[in-house]
Amino acid sequence: SQDGGTQQGKDAMSSDKSIRIGYQKNGPLVILKSLGTVEKELEKKGVKVEWKEFQAGPALMEALNAGSIDFGRTGDSPPIFAQASGSPIVYVAAGYSKYEGSGILIPKNSPIQSLADLKGKKIGFVKGSSSHYLLVKALEKAGLDYSDITPAYLQPGDARVAFEQGSIDAWVTWDPFTADTQLNSDATLLVNGEGLTSDRDFFVANANYAKKNKEILEIIVNQIQHSSEWANGHQKELVTMIAPLLKIDEKSIEMAVQRREYGVDPLTDEIKKEQQAKADTFYHLKIIPKEIHVEEAMMD
Amino acid sequence: MKKDARVPHIHLNQLKKSFDHTVVLDGINLKVNQGEFIAIVGKSGCGKSTLLRLIAGLEHYNEGSISIKDKELAGLNTQARIMFQDGRLLPWKRVLENVGLGLKGDWRQTAIAALRDVGLEGRMHDWPSKLSGGQKQRVALARALVHKPEILLLDEPLGALDALTRLEMQELIECIWEKEKITTILVTHDVEEAVALADRVILIEDGKIVLSKNINLSRPRQKTQQVFVNISEEILSRIVDPNEQNLRLIIK
Amino acid sequence: MQARFKAGIRRMIPWALPVLLLVLWQLFSWNGVISDRILPAPSDVFTAAIELTSTGELTDHISISLGRATLGFLIGGLLGFFLGIMNGIFRFSDLLLDTSIQMLRNIPHLALIPLVILWFGIDETSKIFLVALGVLFPVYINTYHGIKNVEGDLIEMGKAYGLRGSKLFFSVIFPGALSSILVGIRFSLGVMWLTLIVAETISAHSGIGYMAMNAREFMQMDVIVLSILIYALFGKFSDMVAKYMEEKWLKWKT
Amino acid sequence: MQARFKAGIRRMIPWALPVLLLVLWQLFSWNGVISDRILPAPSDVFTAAIELTSTGELTDHISISLGRATLGFLIGGLLGFFLGIMNGIFRFSDLLLDTSIQMLRNIPHLALIPLVILWFGIDETSKIFLVALGVLFPVYINTYHGIKNVEGDLIEMGKAYGLRGSKLFFSVIFPGALSSILVGIRFSLGVMWLTLIVAETISAHSGIGYMAMNAREFMQMDVIVLSILIYALFGKFSDMVAKYMEEKWLKWKT
Amino acid sequence: MKKDARVPHIHLNQLKKSFDHTVVLDGINLKVNQGEFIAIVGKSGCGKSTLLRLIAGLEHYNEGSISIKDKELAGLNTQARIMFQDGRLLPWKRVLENVGLGLKGDWRQTAIAALRDVGLEGRMHDWPSKLSGGQKQRVALARALVHKPEILLLDEPLGALDALTRLEMQELIECIWEKEKITTILVTHDVEEAVALADRVILIEDGKIVLSKNINLSRPRQKTQQVFVNISEEILSRIVDPNEQNLRLIIK
């Protein structure tokens, strides 16, 4: 019963000749897609690439779980939930840390001046996201308890409105939302993720697919590394590439791009430890029902 | 208008009504006095119901005028109660509540009494859908009579009733009319019924009043009287007009 | 005896299909045709239900949602009802408002959320607003249709018998439209639960919609399926309420 | 002349409210009562519309959605229609299926998505399935109600005059239920667009729902508002279609 | 059953029908021969319509049996066409299509001819709602007659018609009946109409047939004939029974 994906018979078969990659507009795979290099590389192997766009991480994980896509990128928490649910996914590689773009935003003239001031405040974030973890760690650092704040679970777009309206006192989020809000809403970044969380991207695959197509995944990871290097070296071009896609103004994208380094890390022990700590935190927060060992879901 | 002239209760003046270019009533002149009982007869489709609906204020007319006690009728005629040719009981109200419709005060007792008059007291808690055709008609009649309105408009109120019940209902109508001095207009296809009840019988043909016959018989009228029979035959012969052969068949 | 037996069967037939589905699903789960990673067996869902109930979580979610649902239903239902009546009766308000309502009806709640947060913040008001908005339209449309379709002859009769205003309304128009209005209520009793799943994405910490969306995010298939089943049961329940009302108020239809 | 003038006014009144709203909104935006950071002025939305149209994006989104919507509408509408007719006419299928349908109706699409992905994958099928599912129920309920409310007397008459099967259906039952069926269609023409916003969260890269949700994610308020306006116009359009059908097929109601 | 006995077209045997514990028909025995013309009279609510509906197979009975040509009637009586007391025109079909309902082949010509017979050819493209009460009734009559069924059941077909139109319609019914040898049962509240048309007049009272009178007059019948008047009076007197005073009023 380890072959969760095989009931999608036709999906599994098609994956021999093509690979379906799930991506989100706001992520490094967009760069890869725009450059079009991976198609060329995989064509040599007789493999076609199909790109599937997703608007949210969970939807992408659902598709991965169902075997509707083979490979994709998510933030750091969806794989934890997937593993906890017994979904047949494996970590393939990790992205570089992007802690600088993630953090706690407060409005201009906010009475909140330090982490300790968060006590008793209403804070918006996405439940079970990297921001959730960041907040927990930040509170820990300030010696506050999680129960000292009032959480307001909000999707980024909604949270932005709530933040503008003053419905929430602070907002924990990631780039490009952080940058956009900093620039366009006079918000200040109270803290970023430094020392709290690494906030990495993860590249994940359907376990079944990964077992049979290690080589192809390697090629893709390589190509992501290449596109990342390109991105790091061509920030201007990158900005003009992404801004119209996300329909966010170039200044915000520029800010986000400048404080981020793209790249792929192998699944080192350090990363495993980071990820395990997150899983444990989510377990303690009762977001996942059981303890998991992230290592078990990592491709070797 | 002369001050001393008696003002008619209902005054139709050169009334004209057409539906989508077919003229139904074409210059109707009629004065009905307070407390008068008028019967209208005429062939099917000649415009009897339309005339009644016009007097009730339920229909717009094209030309002419309708005055009620010298006041031009605008919109609904609130003094009148019309019994519709098709009954129109509310299916979601029980018989008693149908009869009590629009009554004020202790309507229940009044309505029960009216139902007793039409012989349906025992059915007051039934839904209208459970009644026979003639029973429905009698409920509708009770509903019209119970209001004791100033103007009573009856559109074929007894069309679905057997001879005996019909007679009883005629007596009922006559009795209420006499007691309350209600100005009454009765549409009927039964000439004898018209002659038995009305002070004046009016015949409509081709959109016009072609006959207006005063019936000066004492009440209660005996249908066996020769005068009665003569008047009935006279009116019938006017309906049937030139076609002699048919005439002979109808008039005994 | 036999009549009672027949009535018993008649009461069971409606459940045949759902039960059959459940049984098949359990069987397929047991023999592995349906992988439990993808679709948990009914027994697992049942276990999840027991667990959530024993911690009191499930009843919390349901009762919180029920509160939001009923309040939203009352507000939206009444509003839809009155608008439907007004536009059904008065020509001018019909001309003025119907188009706007038909336009409003077509705006998805999901797209509206940013504006709702803008107007009503992130607390209860916005959630109840969304439920009310969702409930409004089915009630409106069916009330409107019901009123417009009351037999003109009967209204005419009512007027000719001196009924007007509220009397005419309660004696003739309302009873004539009632059957259609009840369809609207039946529909909106469903919508009432449905909108909660969108409403409860706005900074909620409990509620059945929150539970479902959370489960989706955290890929707890058993809870997702559980919430689907709960929704389905609510659907049946709403339907029973609507049927009860029909039986009570439409007795005259034999 | 005067009649024509009156008719013209009558055609304009329905737009009074929406236009008034737009004007007020524009005014408030100009003098800063509404911050344009949060709610862009109508003129900004208009600019966004022009921009999106000039790149061909908007028409793309709309035409893609239109394709999905119509296909889903046809499938779901027909299914709901036939189920409504079957359950309205045949006692047994009513007993067997109605409860299940009422239960199914109450399951939110958002909760269903994980299962839909399992069954239909992430491509067009799943989107069309969701639209069809959404459209099915209003058509079903109103068809069912329409059929059940055809005057029994007329059906009896039809039977007594030798009509049965399809003849009875097309001469008596269907015309008698038509007015109610059209209400269902009117409703579902709206739902057709509404469900797309959920359906198009499943791996879509175009469509009006995708555009709206995307805008919501990245807080492009002008696009959000634009999509809301587009939905509203679609609502009006659906309504016009429904009204047209009513006028055409219910002529006998004077 | 004896082989040589003539099998009646319609055979009601100890037929009993009650609605929610009120007995309406209580042991009706009736044999109607092929081609016979029966008229049923009786007071409003006595069960005339119910009896017709039973023969049409539209109502379940509680006891007894109904046989059509020796075969027990189960469900709808497909040989019969019933004209309902309340017309029941389809509001969404134009007059012509209403008349053509259920006809096969070139129904249009047949239906137009039937409308011509009832004098409404000119209204064939109208909606039923545009017709007067009597016009609706005639359309319903045309619809029933046009089928030329084996059994024709007419429930007060002429209740809303004026004397002349009524006479024409009576002639029409008689003519079609004679030509097609249709077994016909006519419910009417007009005793003269019953005597004018029927081979046998049946009176229902208290759920039972209390009178069955053969009318052996030659056709076409003259209402002025003394025999005719006598028979009518005899039946009327039976309806009105002990109450002599009323009787005198009705019988001329």
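Letters are used for the chains, namely A, B, C, D and E, taken in the order the chains are written, and counting of residues starts over at 1 for each.
Going forward, a contact is a pair of C-beta atoms (placed from the backbone, for glycine too) under 8 Å apart; a residue touches a chain by one contact, two chains touch by 3 or more.
Every value quoted in this text rests on a predicted model; they were computed, and no experiment measured them.
The chains that touch both chain A and chain E are D. Work out the mean CA point of chain A and of chain D, and you get 36 Å between them. As a whole-number value, the distance joining the C-alpha centres of chain A and chain B reads 85 Å. Annotation: 27 Å between the Cα-based centres of chain B and chain E. For chain D, residues touching at least two other chains, in rising order: 38, 113-114, 118, 213, 216, 219.
Along chain E, residues 86 each make contact with two or more other chains. Within chain A, contacts with two or more other chains are made by residues 62, 66, 155, 157-158, 161, 165. By the definition given earlier, chain contacts exist for A-C, A-D, B-C, B-E, C-D, D-E.
Of all residues in chain B, only 19, 41-45, 49-50, 85-86, 130-135, 138, 155-156, 159-168, 189-191, 222-224, 229, 236, 239-240, 246, 248-252 touch chain E in the complex they form. Across the interface of their complex, chain B is touched by residues 153-154, 156-163, 167, 171-172, 175-176, 178, 250, 252-254 of chain C. For chain D in complex with chain C, the residues that touch the partner chain are 10, 13-18, 38-39, 92, 95-100, 102-108, 110-115, 118, 137-138, 141-142, 145, 149, 179-180, 183, 186-187, 190, 193-194, 197-198, 209, 212-213, 216, 219, 221, 224-225, 227-228, 231-236, 238-239. Those residues of chain D whose C-beta lies close enough to touch chain A in the complex are 35, 37-38, 113-114, 117-118, 121-122, 201-205, 210, 213-220, 223. If you check the complex, the residues on chain A that touch chain D are 8, 11, 22, 25-26, 52-56, 59, 62-63, 66, 68-69, 155-158, 160-161, 164-165, 176-177, 180, 184-185, 246-248.
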